[in-house]
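Which chain is which? They are A, B, C and D, in the order written, and residues in each are numbered from 1.
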Amino acid sequence: MSAFFIDPFVDIFSYPAFFLEVLIGGLLAGVMYSLVALGFVLIFKASGVFNFAQGAMVLFAALTLVGLIDLGAPVWLAIVATIAVMVTLAMSIEKVVLRPLVNQPAIILFMATIGISYFLDGFGQTIWGSEIKTLEVGIPKSPLMVGEVLISRFDLFAGLTAGVLVAVLAIFFQKTRVGRALRAVADDHQAAMSVGIPLRTIWVIVWSVAGIVALVAGIMWGSKLGVQFSIVLVALKALPVLILGGFTSIPGAIVGGLIIGSGEKVAEVFWGPALGGAIEDWFGYMLAMLFLLFRPQGLFGEKIIERV
Amino acid sequence: MHAARQIGGPLLQVENISLSFGGVRALANISFEIREHEVLAIIGPNGAGKSSMLNVINGFYHPQEGRITYKGKTRARMRPHQAAAQGIARTFQNIALFKGMSTLDNIMTGRLLKMRQPFFMQALYLGPAKREELEHRAFCERIIDFLEIQAIRKTPVGRLPYGLQKRVELARALAAEPELLLLDEPMAGMNVEEKEDMCRFVLDVNEHFGTTIALIEHDMGVVMDISDRVVVLDYGRKLADGTPDEVRADQAVIDAYLGVSHEETASAAAE
Amino acid sequence: MIRKLVAAALGTALGVSALAAGTAQAADPQFIPSLVYRTGPYAPNGIPLANGFADYFAMLNARDGGIGGVPLLVEECDTAYNNDRGVECYERLKNKGPTGAAVFNPYSTGITYALIERATADKIPIVSMGYGRADASDGRVFPYVFTLPATYWAQADAMVTYIAGEEGGFDELAGKTIALVYHDSAYGKEPIATLEALAERHDFTFETFPVAHPGLEQRSTWLTIGRRLRPDWVLMWGWGVMNSTAIKEAAAVGYPMDRFIGVWWSGAEQDVQPAGADAVGYKSGTFHGAGADFPVHRDIFTYVYDRGQGATERELVGEVLYNRAMINAVLVSEAIRTAQAVYGERPLTGEEVRWGLENLNLTQEKIDDLGLAGLLSPIGLSCADHEGGGQLRIQQWDGEKWSFVSDWIEPNRDGFLRTMYEGSAAQYAAEKGIAPRDCAN
Amino acid sequence: MFYREAGQFKTSYAADQAIFPILQDRIFVAFLLLVAFVVVPVVANEYWLSTILLPFLVFSLAAVGLNLLTGYCGQLSLGTGGFMACGAFAAYKLSTGFPELNIVVVMLASGVITALVGVLFGLPSLRIKGFYLAVATLAAQFFLLWLFNKFAWFTNYSPSGVISAPPRAVFGDFFVTGPQATPAGKYLFALTLVALLALAAKNMVRCRVGRSWMAIRDMDIAAEIIGIRPLTAKLSAFAVSSFYIGVAGAMWAFVYTGSVEALAFQIDRSFQILFMIIIGGLGSILGSFLGAAFITLLPIFLSNAPNIFGLSISVDTVSHFEFMIFGALIVFFLIVEPHGLARLWQIAKEKLRLWPFPY
């Protein structure tokens, strides 16, 4: 009992610098989850589709990028070409999958995105192969010491990227015409259509934006892990972030990431030993679930009002 | 007119009910009673709080103030399924049928509370469970005959036209053999023939089964024809309460219906 | 529509596929199934394994016309490292060829577990080379399972022996701390019992750090190890993406690479290359050498690659995992050769191949003849001993290639590991109601 | 021509309430059962029995279980793998702890244990709905696997964390687990269990309990107002569903593979079973079987296809194509018939009713 209720706190107070390291490491790791969760949020917000293929899109973007770089393209050109590929992908998905399934129940669209996810996994690997590939885009990796506290430069960079990404998305949503249209769609499909915004265009745009977000996530995770099949599994780390933050909230994805990331790292390091370790896999989900019991719509999700 | 039945004492009393949603007052200090075996109409303009009133009676909304006495017992805060268990059934303004199920299954679902066989017997579908199913099937068939919906017995309700859906909803409520039946705009959106049919059903139910009925209706002709008493709500307050003739003569009611007071400002939140 | 889709897909596949190694369809070949995973999360490791296995048999067919004049028919089946697909592959391939499958090499601890009962019932041997159940080394309880040349328990023991050597003797281990970072699965848990026993014997502190599958996130583990516990040595039982992630995270917290030793499944090019410069100095256990400079590779180049029939690119021949599967192929073919000496030069049944495995005796002389000098230590199996007494070495990554940093280490089998094998196997036999064979005669 | 119900009049509600009210259907089902119980064990070879039919049966049972929860009660769950693991480990603990216990009792008891666990993880469904609930059920998935992997007690302290089924017989020496069991014996055991449980499921969904689930699925507020307690309805759906999935997990470990570790029940398994019920048809017992058949057979067909057509394609290309075709087919089916194979079957029957005279 004391191993669970007392020792971890004793530990935290006896090694404050270490606790800080774990906390910061967790927060930054959480940002990496947020990068993936953002893609989910964008699509859910604009089309109500729970896009399970986001993980596959991250892998596909990373594979395409690294494949093009290996073919000899300069990094900037490869990135531009990959963005073009992701936009094409968005257009094909809209045409082949979403359009025929319009007005179907949410679960059918959800299953369709799982289908997309299988297809992309196979397609990406058919073209680019299954070998592990190294992605090097010049992100610093050496650790940084702030006093006694060790911080990973790579993670700082990732956090910065996520911050910039969110800022860009915020500007895109608040200031541009297309962005405002997207917000309108999110609020009310009928209303959006009645002011003359073609829903299909909106879907293509939002899936393209999600594709570009996937590319950013793919660059970060690819640099961290090497580009390989396992990258699709990071989607599973993003899901608790998604429900904690609320399916429809961009700030929710970031705050959710920070909470899940720091929560699971602190839990693993200080409470893991009492439970036998490797608890971070489910800890995020449990945390998110308990949280939902008190707030069923997530941290920033829209409140659900029931009426007859 | 209703010679066969005997209007009795109060079945349900509503006293000083107030209900608000986040500062918006939907019902203010409302009191009235529903007497045994009568047909009571609740009328009022849009946003008057009629549906909220029904929601309070069957436990879906919990009023901040006031109390409800049902069959002589003052009711504490309760859940809708408890209200159903005590014999209150209802239909809805926007049809709330189970769209994935057939007409028959919808009606059988209404009869759920009367079914007692334990879960295991149902899984085995043996002896008592099978007998129970068939007994209740027979009962539901009587309702089907009564409401003249034999032909759509096995049709998924999602495919039925609006008028028939309303009828199936009534059938589902009747299947529970309720003592108090709440009907929320049973004739809304119907043409004249359909309305006539529905009126006939409502009166027949009242007469044959002695069911107490409280209904919300906009069509004044219908209301005045079929109800024993009328309660008029406006903007969350009670304006009047009495027989159709008394209500018709009430000045406040006339004002409200002519729209001279505050009808435009009535909040839609309560509906 | 389905048919059209499939047909279209097959048409495309036909167009792009140039890889398929069309093995000679001569009369009465020896059928050798090859369970591979060229796809799925572990494909980066599975691909070189599959290639090494395929190339050696292709070389035997091309150079010698098979074994003892019997051509070898190899068929791959992709398991994607997935247990039920592994079982499906097994069932599909076990009756192929004139005499059925000679031997199965599942390349997955999970699939090995799933096949043990089936293969025993079907009388087909399983060679789980450097994976699977360590206690299957007891041939009396597991007549059809082989663990040559060494088990995880032997690996763990050899690692501790190596550490003792570095520290200046077993006495110096007292008071030291050794941490184990492991894949939280059947595979990763294998060495724990051995290391616990050794910790007690040599009085060092032993700490375990499970990493949840698939091992993408190890920040908390490595912060604890690198910043807090600071153990003297870290051992790792990792697999796939977990390995390179661990190396990077270890570097990120400043843990010295030369005190970080992985199991042989954490010591391939695929594990260190993604970590880049971080991995320089990282060590791993192994039971064979790396590189393509051995005589056997010369034959593979001459008879397979020069004829354009190689399974991969020339430069990738000689990678750690390539060599490992190639050695697996050597062991299988030598077992077949051994059995042919008794049963005649014809396709053999699984049961006959099992006899060949139990009587396999690779002396140093024979190893030299096979062109494997320096690549492998001598092995000799018996009815009771299915491990064969293989020796182990430690290798180190210098940023370019793996090279040995220790001599061959003899795991402490007699009186230690062997007792543990027998104890564990006896428990299995009791649970399963198996009467162990009598190996006395 | 042959599939006519004309002239078949129902004279009692009992006849009308039957599972197969039409004579031809009854004949067809009787024929199917005859083939499944008598012809298949004699004719099918070991490969078919142990790598196609056994997993098909196990998957069907799990799919029926998930369909009760998701298809009938509308609660989307991604925790199927975790519940299967729960059944598998419960069966292992029961059969090794009480060796004299009959294997049938072990199977059912492990289902009951899983049902209890299912109720526990179903509790959030009272507050959480839709995709939020789906993601929350992943908590069950990850937590349960971690639990079985972590605590050696569940595996009887086996050093590796792998459990393997002890040999057990239904009666006499009719072994259905362990090395003595023949594929045909295992198949018959699984078939009997699955057929009976499927019948029970069918009975449940046409009785009170099934109607209360469907009412919750179609409109939970209305259901509550007509007297259905959401607590009872949702939790009973979680319990029954988990019971089925638990028995399926126990059969997976004991009858199909013979030995498993917790990792065999990863999240992929949950998705696989979800696919089955969506492809097969949500809210259909028959659909669960059709979906299971489709998802089990498709990959096997795809990976055997090159051999069947005499093509020689490298295995990785085949596997990648398998992924692509599998994904494409799922999308294709969802577009063509979002209500799944069961609906296609129904439409085919309606066509057949008129054949050869078109409208």
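In the analysis below, a residue touches a chain if its C-beta (ideal position, glycine included) is under 8 Å from a C-beta of that chain, and two chains touch if they have at least 3 such contacts.
Quick caveat: nothing in here was measured; it's all calculated off a predicted structure.
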Identify the chain pair with more contacting C-beta pairs: A-D or A-C.
-> A-D
Tell me, please, which chain's centre (mean of its C-alpha atoms) is farthest from the centre of chain B?
-> C
Provide the C-alpha centroid distance between chain A and chain D, rounded to the nearest whole angstrom.
-> 32
Hey, how far is the Cα centre of chain C from the one of chain D, in Å?
-> 36
Chain A to chain B, mean C-alpha position gap in Å, rounds to 48
Would you please write down the residue numbers of chain D that are in contact with two or more other chains?
-> 146, 149-150, 221-222, 225, 316-317, 319-321, 323-325, 328-329
Spell out, as numbers or ranges, the residues of chain A touching 2 or more other chains.
-> 125-126, 130, 276-278, 281, 308
Mind pulling the chain B residues that touch 2 or more other chains?
-> 60, 92, 96
Can you name the residues of chain C that touch chain A in the complex?
-> 16, 38-41, 43-44, 47, 184, 208-214, 216-217, 219-221, 223-224, 227-228, 240-241, 244-245, 248, 251-254, 270, 273-274, 276, 278
Give every residue of chain A touching chain C within the complex, in rising order.
-> 15, 18, 21-22, 25-26, 29, 125-126, 130-132, 134, 136, 141, 143, 150, 152, 154, 224-226, 228-230, 233-234, 237, 264-265, 268-269, 272, 276-278, 280-281
Please name which positions on chain C make contact with chain D in the complex.
-> 1-2, 5-6, 9-10, 12-14, 16-17, 19-20, 22, 36, 38-40, 43, 47, 50, 76-78, 80, 83-85, 87-88, 91-92, 95, 109-110, 113-114, 116-118, 120-121, 133, 184-187, 189-190, 192-193, 210, 212-213, 424, 431-433
In their shared complex, at which residues does chain A touch chain D?
-> 50, 96-97, 100-101, 104-108, 110-112, 114-123, 125-126, 130, 236, 239-240, 242-243, 247, 275-279, 281-282, 285-286, 288-289, 292-293, 296-298, 304, 306, 308
Where on chain B is chain D touching in the complex?
-> 58, 60, 79-81, 83-85, 89-90, 92, 96-101, 105, 108-110, 112-113, 115, 117, 119, 122-125, 129-130, 133-134, 137-138, 141, 172-173, 176
